[in-house]
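Next, two complexes with chain A in common: one pairs it with chain B, the other with chain C.
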Partner chain A sequence: MLSVQGINSYYGLTQVLFEMSIEVKAGEIVTLLGRNGMGKTTTIRSIMGLNETRNGVIFFQNQEITNWPAFRIAQAGLALAPEGRRIFPNLNVIENLIATANNKNELTDPWTVDKIFALFPALEARAGIAGNRISGGEQQMLSIGRALMTNPHLLLLDEATEGLSPLLRKQIWSSIVKLKDNRQSILLIDKNLESLLRIGDRHYVIEKGHVVWEGDSAQLASDEELQLRYIGLG
Partner chain B sequence: MIDWKPLFTRRGVVGTLVVGTCMLVPIIATLIDEPYYMNLFARLMIWAIAAISLNLILGYGGLISFGHALYLGIGAYAVGICSYYDINNIFIQVPIALGVATIISFVFGGIALRTRGVYFIMITMALTQMIYYLSISIEEYGSDDGLIIYVRSEFGTNIINLDNPFHRYYLIFLVMVGCLYLTYRLIHSRFGYVIRGAKSNELRMEVIGHSTFRYRLVCFMIAGVMCTLAGVLSANVEKFVSPDVMHWTRSGELIFMVVLGGMASILGPLTGAMVFWLISEILARFTEHWHIIFGPFLILVVLLSPRGIDGMLGKRGSGSG
Partner chain C sequence: MEWALLIEQFLNGVQFGVLLFLLAAGLTLTFGIMDLVNLAHGSMYMLGAFFGATIFLWTGSFILALVLAVPIVAGIGIITEVTTLRTLYQRHHLDQVLATFGLILFFNELVQIVWPLEGLTVPVPEYLSSTVPLPFGIEYSLYRLMIIGTGILLAIGMWLLVTRTRLGMLIRAGASDREMVYALGTNIRLLFTLVFGLGTALSALAGVLMAPILGANSGMGEQIIIVAFVVIVIGGIGSIRGSFIAALITGLIDSLGRSFLDVILALFIPINAAEAAAPAISSMLIYIFMAGILFFKPTGLFGKQPN
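The block that comes next holds the complex of A and B.
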């Protein structure tokens, strides 16, 4: 479905990604792991066309999307719920969802506002409230809901549970599990290794802009030295 | 059942008062035998239509177009030039005006929307000045002396006759109410959400899969075409059109009206236009140099209430009107 092959990305003159290669297959949940500043978010930004990539190619659904404009990449079926959520503050909850509603790839049974409310019941009660007046957890749900409204083939979640209370984190994780049950492909960045091991199919460990390890949950769970060295969890 | 509740908020009361006043002015003006006020309010509503259209791109879209008076000019000159060639039927004049406005706003918008911020302000102003000087340089159509319109637009029936001041007034009123309604429908549609969302975070809107350029171009064109209607009406009130109508100071006044009334509120441009005109009318009676008082007044309003008059009426739920 998604295949990133040896891309180099830069912020200005500083190279951030070095020959980065990852792959996501249909129906899979893949995670990017690693300490802060190692290039996880940059990888996702490069996939979405927000960072210019040099060398290397990015394929999505058998189409080369390298350095396409962001809106065309999104229309091809990639949706990002970004770090920091970035809700439109001057639109209310429903308006945020409808603004992004799209079904360019003509999926049968597309997402609707009601389905998003069923996935995140907390949002329904806040339907008419401005995007900047709802809680951080609600904003996170809205951010994911907004991405889903574009009916993506692949959902990219960057730090979906960052800064949330344990209870809210649990709600978000259970929603992600529901998405997984619906065979939604997801590429995920998070720090909560326990949850990632539980719902992720495959994992990449990223160190200084390239992949240093890849494998499935069982392999990662059994390798405590790896967890300690690259992810900082013991 | 109709939900009357919004009418009883402060904003609802002010809105009803403003629109109600516009509706009743001809009756009051006739009763007190002061037809002058009818003309004043007719002009005021024309400015309001122009400001309502500017509010679409300026208030909701966050794009500071400093050349919006161009479309007043296109509308007014369409009537003037048609009338010059003895084409007085409004059903020919209006399509010509709107057609020209569509093409020009498409081209100018396509150029200007590739820039942002100060550059957008400068380029919209420059493009309008281009047409302004064009209108000055064409001797045939009066150049800077302007063009007198001898015959008002004709509907080809006596039911609506624009020589009748009441017919004229209520046609302007209806067009204005129509523009208010259209604005309401637009900004509460998915199109409007995209325009408003792009104002707060353009990049995010792109990443979600919308070409903000295309949405903004369409919005720019709708605003231009709507303003052109104001120009058509203006030509019929004044029976005269000159390049002055699209001078850059006119564009500036339109921005004042929108800011004064409250950006991104539906009735804001109308209250803004009303307050703008009434204050300048009153001040002009005392001194010729009324701008000296009016300028600081505007600055005060913006400082004390960044959302203009609308902002003084309390907070709004979702940033919509």
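The block that comes next holds the complex of A and C.
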């Protein structure tokens, strides 16, 4: 479905990604692991077309999308729930969901506001409230909901549960499991290794802008040295 | 103080206010969404006046002048956006100011080449040239009342567009986080061209409406664009509601200040000094008001708060 092959990306003159290569297959949940500043977010932004890439190619659904404008990449079926959520503060919850909604790829059973509310019941009671007046957890749900409303083939979820309470994390993870049961493909960044091991199919460990390890949950779970060295989780 | 004069100046202030709104609406949207400082927005007002006056003089129909001049100027605005302004979005504000100042010079020269040097004057259409009796024995110009009514209707229309439609949601979302709107699948360039065309149309309409009062002159855009910038700063960049309220307040302050500041000042200082100081101070009043607003609300009355 998504195949990133050897891309280099820069912030200004500073190279951030070095020959980055990752792959996501249909229905998979794939995670990017690694410490802060190692290039996880840049990888996602590069896939989305928000960071220019040099060298390397990105294929999505058998089309090359390297350096397409971001809105066309989005229309091809990639949707971003970004780090920091970036809810539109001056739009209410429903407006946030429908402003950018579309079904360009004509999925047969598209997302609706009601389905998003069924997935995240907490949002329904906040329907008419401005995006900057809801809690961080609700904003995270809204950010995921807003991305789903574009009916993506692949959801890019950057920092799925950052800064949320354990209870809210649990709610987010259970919603992601529901998405997985619906065969929604997801590329996921988070620091909560325990949940990622449970939910993720495959994992990439990223260090200084390239992949240093890849494997499935069982392999990652059994390699404590790897976890300690690159992810810093005890 | 006479009630009749007060009410008449109040209406003049509202009329100036809705005129300012028609200019400020486009300005605040382009500044809010694309972060573009477009000094040449006033040129579209001027072109509206010239095209409107010309078509009115040729055909004798003011309605036809409105119906034709507004889309013609909106088209010129869109061509300017696609060919020139688009290259400026990523540049610093100073570059934008310089480039759009260049556009002002270009359009001012252009109208001097195409139209007579002294500009055009057109009468108020006959069916609108009468006056309307109001309380306190006031006879107020029907044409000016028509401008007020048109401005208020357009303000309501813009407010509905921005608050009730998908396009309006995208405009508001774009004003707060352009990249996110883009990343979620909106062709932001197309959106901006649409918004720019809409803003230009409103500005041109203001020009057509003002031609019978002010005539059409090279350079008429600059006088009003400065005040329109004051309006969008007071109202909060990107906010239509803010622009409308700020435009009315600014129009009223300007109009009432010019008429009554001497009387008010005379309450505090000797009448001679008041009469000497009032004209100078009244022309500064809106800037003083802007400074006051910015002191208490740096993002304007309805501006987005910095995160």
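The rule is short, and it goes like this: the second predicted complex is superposed on the first by the 234 of 234 C-alpha atoms of A that agree within 3 Å, B and C clash if a C-alpha of one lies under 4 Å from a C-alpha of the other, contacts with A are read in each partner's own complex, and residues count from 1 in each chain.
The definition used in the following text is that a contact is a pair of C-beta atoms (placed from the backbone, for glycine too) under 8 Å apart; a residue touches a chain by one contact, two chains touch by 3 or more.
Fair warning: this is a prediction, and the values are worked out from it, not measured in the lab.
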item	value
Three-chain arrangement built on chain A, chain B and chain C clash or fit	clash
Partner chain(s) touched by A:Ala130 [first = chain B, second = chain C, both, neither]	first
Doubly contacted residues of chain A, that is, touched by chain B and again by chain C	48, 50, 69-71, 74-75, 79-80, 82, 86, 88-91, 95-96, 98-100, 102, 104, 146-147, 150
Complex interface listing, chain A residues touching chain C	48-50, 69-71, 74-75, 79-80, 82, 86, 88-91, 95-96, 98-100, 102, 104, 146-147, 150
Touch list for chain B against partner chain A, complex	190, 193-194, 196-197, 199-201, 203-212, 264, 317-320
Residue ranges of chain C touching chain A (in the complex, touch as defined)	166, 169-170, 172-173, 175-177, 179-188, 304
Chain B partner contacts - residues on chain A that touch it in the complex	48, 50, 69-71, 74-75, 79-80, 82, 86, 88-92, 95-96, 98-102, 104, 128-130, 146-147, 150
